[in-house]
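You will see two complexes here that share subunit A, one where it goes with subunit B and one where it goes with subunit C.
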Partner chain A sequence: MHITQGQFSFLPALTDEQIKRQVKWALDHEWAVSVEYTDDPHPRNTYWEMHGHPMFDLRDPAGVMEEITACRLAFPSHYIRVMAFDSSEGWETPRMSFIVNRPDHEPGFRVERQEGPGRSLRYTVRSYAVERPEGQRY
Partner chain B sequence: MNTAQSHVERRITLEGEGVQRVLERVNRELVGLAPVKARIGQIAALLMVDRARRELGLTTEPPTLHMSFTGNPGTGKTTMALRLAEILHELGYVRSSHVIAVTRDDLVGQYIGHTAPKTKEVIKRAMGGVLFIDEAYYLYRPENERDYGQESIEILLQAMENDRDDLVVIVAGYQDRMDRFFQSNPGLHSRIAHHIEFPDYSAEELLTVGDLLLEEQGYHFTEAGRQAFADYLERRMQQPHFSNARSVRNALDRFRLRQAMRLVEQGGSLGAEELAAIDAREVLASSVFGKASGR
Partner chain C sequence: MTLLTLICRGPTAALHGADRRDGDEGGKHMARQLNPKARYTPGVIPYKQMGYWEPDYDVKDTDVVAVFRITPQAGVDPEEAAAAVAGESSTATWTVVWTDRLTNCELYRAKAFQVDPVPGNPEQFFAFIAYDLELFEPGSIANLTASIIGNVFGFKAVKALRLEDMRFPVAYLKTFSGPPTGIVVERERLDKFGRPLLGATTKPKLGLSGRNYGRVVYEALRGGLDFVKDDENINSQSFMHWRDRFLYCMEAVNRASAATGEVKGHYLNVTAGTMEQMYERAEFAKELGSVIVMIDLVVGYTAIQSMANWCRRNDMILHLHRAGHGTYTRQKSHGVAFRVIAKWMRMAGVDHIHAGTVVGKLEGDPHMIKGIYDTCREIRTPRNLETGLFFDQDWASLNKVMPVASGGIHAGQMHQLLTYLGDDTVLQFGGGTIGHPRGIAAGAQANRVALEAMVLARNEGRDIWHEGPAILDQAARWCTPLRQALEVWKDITFDYASTDTPDFVVQETVSA
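== the complex of A and B ==
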């Protein structure tokens, strides 16, 4: 199951050239770009691990691309996303977020139903991959 | 076959209007420095030819553009680095014309493990443009073997080698110390293609620098003032801690202070000419004239 989170996730994977141009867009708006990774891509897992520091005051995407390459090398089959944080007043939030790396095989999620009192049902999604311990998931 | 081909060969003219514009500006704004300008002109020409070769499909090796600027204080090293970034940008060798100017504190950390991320961060910030390391010889402190400067140099070397397309590094510093610095870091020396020496200014050139700087600020010398300034320069150049154009700029700032004081004390109504003129009185009040050979 192809996980769709953030921007461009319904499109085919971005090429490095396309990633570079997206990052350039973010840098031109003076947003701080950072690289994050995780092997628990549950939709409610907002906080991924950060790879390196967030990169402030960059002018050119080459530095970000280097960080992405380094992260892919270290975590070849993790989910890796690029975030652009806007620190200007009124926003103070990520303005961009898109996945730049995903595992070859994505087992996806299953729905779990829990019976509650009075025949009520609670639903939750559970990732197949997360059954295994961290580091062995993908 | 070959001759037939050469008849229809594509011809290309060297484009360099933007470059010419910047070079002309360098010529106008920076007084003297003939050898430096000649060298920059050569580099610009090489890059133009290189670009034309690439367009015609000839093999080109991307040129190494890392440079070292050596010279006494105030000889225009930083200014030249800024202009050079513009030239390289015009020619498409760097993607933007920004210059990140750093010194030792920006690169070297305070404790173990602090240096590498710090240096890498600076390199990332400079990517796509020019990294200007002022007083680069401070990076290497032979007297302290635990100094983290060496680590920073190694990371820089790596970046200079691997990110040649993304980064141009310019190291700058005083001649003698830079020589010693390169002696102890031969790897750095060999990775820098262009070693450019900035000569000291002559008294005449400094006088022109003074005129230009005053003009920028909307002032000018009176006839007597200019004469006095020439005298002043002659004396000042003999004194220790003379730093070329920087000393001139500082002197001009002091002249402006004295002129302002004189006008305030004088009172009355003033015309534009009086407000803009730096007279001999301001110049001659300088301490270089007073005590025969004092500081």
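== the complex of A and C ==
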């Protein structure tokens, strides 16, 4: 399986040059770029680990690329995403999110169904990888 | 040197009380002001003389202001027609009543304060009318509309009447809760940023059993869409009971979520014959874990506000299908412009609203659609006659509504859709997903690839308006479903003249 979170997951994996151009787009809009990683890519896992704070004062895409490279070196088999935070009025929320690193093998998720009255079902989406402890999953 | 000047005067001058007082204190003013005894003598007098025409009225920041397009009957003075509209949408009846004198009647009278000819149409006039805040119950679209469009549209003295736009004071907007979720929180809940969302309406919209219907939902979501949608007239018919639909759709949503690792949704239409049934259906959607429910505009303003409250209590996104609106929004001479409906719906509190595609099969002039999208998404909308917005409007921090583009759109138009509509919209490809020659999932994949490729290219600084087809062709080289979609629909356009277009004139003037 291939997790399709983020805004470019249906495209071939982005090259560093492509990533850099997206980072530039974010910086041109004065959004703060941050790098986050996880080995629990559940669709509702909002809080991936922060590889440092959002880089509020960094205006050079090359600097962001260094952070991405450092994160990849530290977590080569984790999911890593680049996010861009917009602090302007009416937004104050991420404006971009895309995956820049993923494990070679993605076991994916299963659906668990708990049968209830009236044919109703309670669904749980469970990650195969997360059955192992953190840090040993991919 | 050539300058471009707008000759439709618009209300700005009037709203600031400028330029109408000089030289006009004579005839009109005197004709208007009868002494109290004459004013309240039983009988019929012109609306202008009853106090509904006040060209020197200083519009207050706390007034609700409306602009109507009036087509008076032959021989009816436009100012009298405007006064009549003001009267009939506020306190007046056809004859003098002494009981006015028991009230502070000047306050309650709406005041027509400006009449402008419609450029290029000698029969029609824009009439600007101010209503005191006191006239409206807090937080009730039903009350607002009962005044503004209650009786007056059938009034004999006008041949036709259209509510073109409204301005609401911030104090009044603050009495409405607005969209329960809003664009920002919707995206945070869905964990989807940086691109338009993708949807599709299940087709055929009538006749599928629950089991077959859920298959369409599953294939489309697994293939790459974020949302699938019930259509407006899918409620609970003999071929598919609503509970059956909800159960199969949520099976599809959860299966697709596991298959992709993404949050997925299906707009479960809870429209029903009574509020009790709507609540029952919404509760069931909640129990099954749906992130979104849907209603049709035809349920009525009060039901919409009630459902907005329910959604706010239950962390649910509220999708509104604008079923029925074309009966009164489309023709320019009579009805209510859709931008006004969009304003009312932002106040009533919906998270999604169908707002036009520009390029698809349904009505939509690019400028008018921009005015409607701005109304949904901006925190302040300045006056812009080109996009049909007559007034500056501060949205008083009401959440933003996600506009939905649906009807006759396909992957080959992605560069146009992204250029016209921007990122914060749901692009709904119904036929453009389900009609794909290699199946529904392939159709969904084609749309998602086209979208992501276009966003990527735009962010890289490419000129997608001109390079769009080349960008799509390039992606189609490695994505077979996109290539097939482009082959099937490449020449499909809906190129008809719009009926609802802005009425202002750009006049060339030569200056020294």
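Note that the second predicted complex is superposed on the first by the 135 of 138 C-alpha atoms of A that agree within 3 Å, B and C clash if a C-alpha of one lies under 4 Å from a C-alpha of the other, contacts with A are read in each partner's own complex, and residues count from 1 in each chain.
Here is the rule we go by: a residue touches a chain if its C-beta (ideal position, glycine included) is under 8 Å from a C-beta of that chain, and two chains touch if they have at least 3 such contacts.
Only a predicted model underlies this, so the values are computations on that prediction, with no experimental measurement involved.
Superposition note: with subunit A as the common reference, subunit B and subunit C can be accommodated side by side. In the superposition on chain A, A:E115 makes contact with neither subunit B nor subunit C.
In the overlay built on the shared chain, the residue A:E134 is in contact with neither subunit B nor subunit C. In the superposed three-chain model, the partner touching more residues of subunit A is C, compared with the other of subunit B and subunit C. Of the two partner chains placed by superposition, only subunit C is touched by A:W25; subunit B is not.
Contacts of A:D104 after superposition on the shared chain: neither subunit B nor subunit C is touched.
Subunit B and subunit C never share a C-alpha pair closer than 16 Å once the two structures are laid over each other.
Those residues of subunit C lying in contact with subunit A across their complex are 184, 187-188, 191-195, 224, 243, 247, 250-251, 254-255, 257-263, 284, 287-289, 378-379, 400, 445, 448-449, 452-453, 455-456, 459-461, 475, 478.
Remark: subunit B residues 95-96, 98, 117, 121, 123-125, 127-129, 163, 166-167 touch subunit A in the complex. Residue ranges of subunit A in contact with subunit B, taken from their complex: 52-53, 55, 57-64, 66-67.
Residues of subunit A touching subunit C in their complex: 1, 3-5, 7-12, 14, 18, 21-22, 25, 41-44, 46, 83-84, 89-98, 108-111, 118-123, 125.
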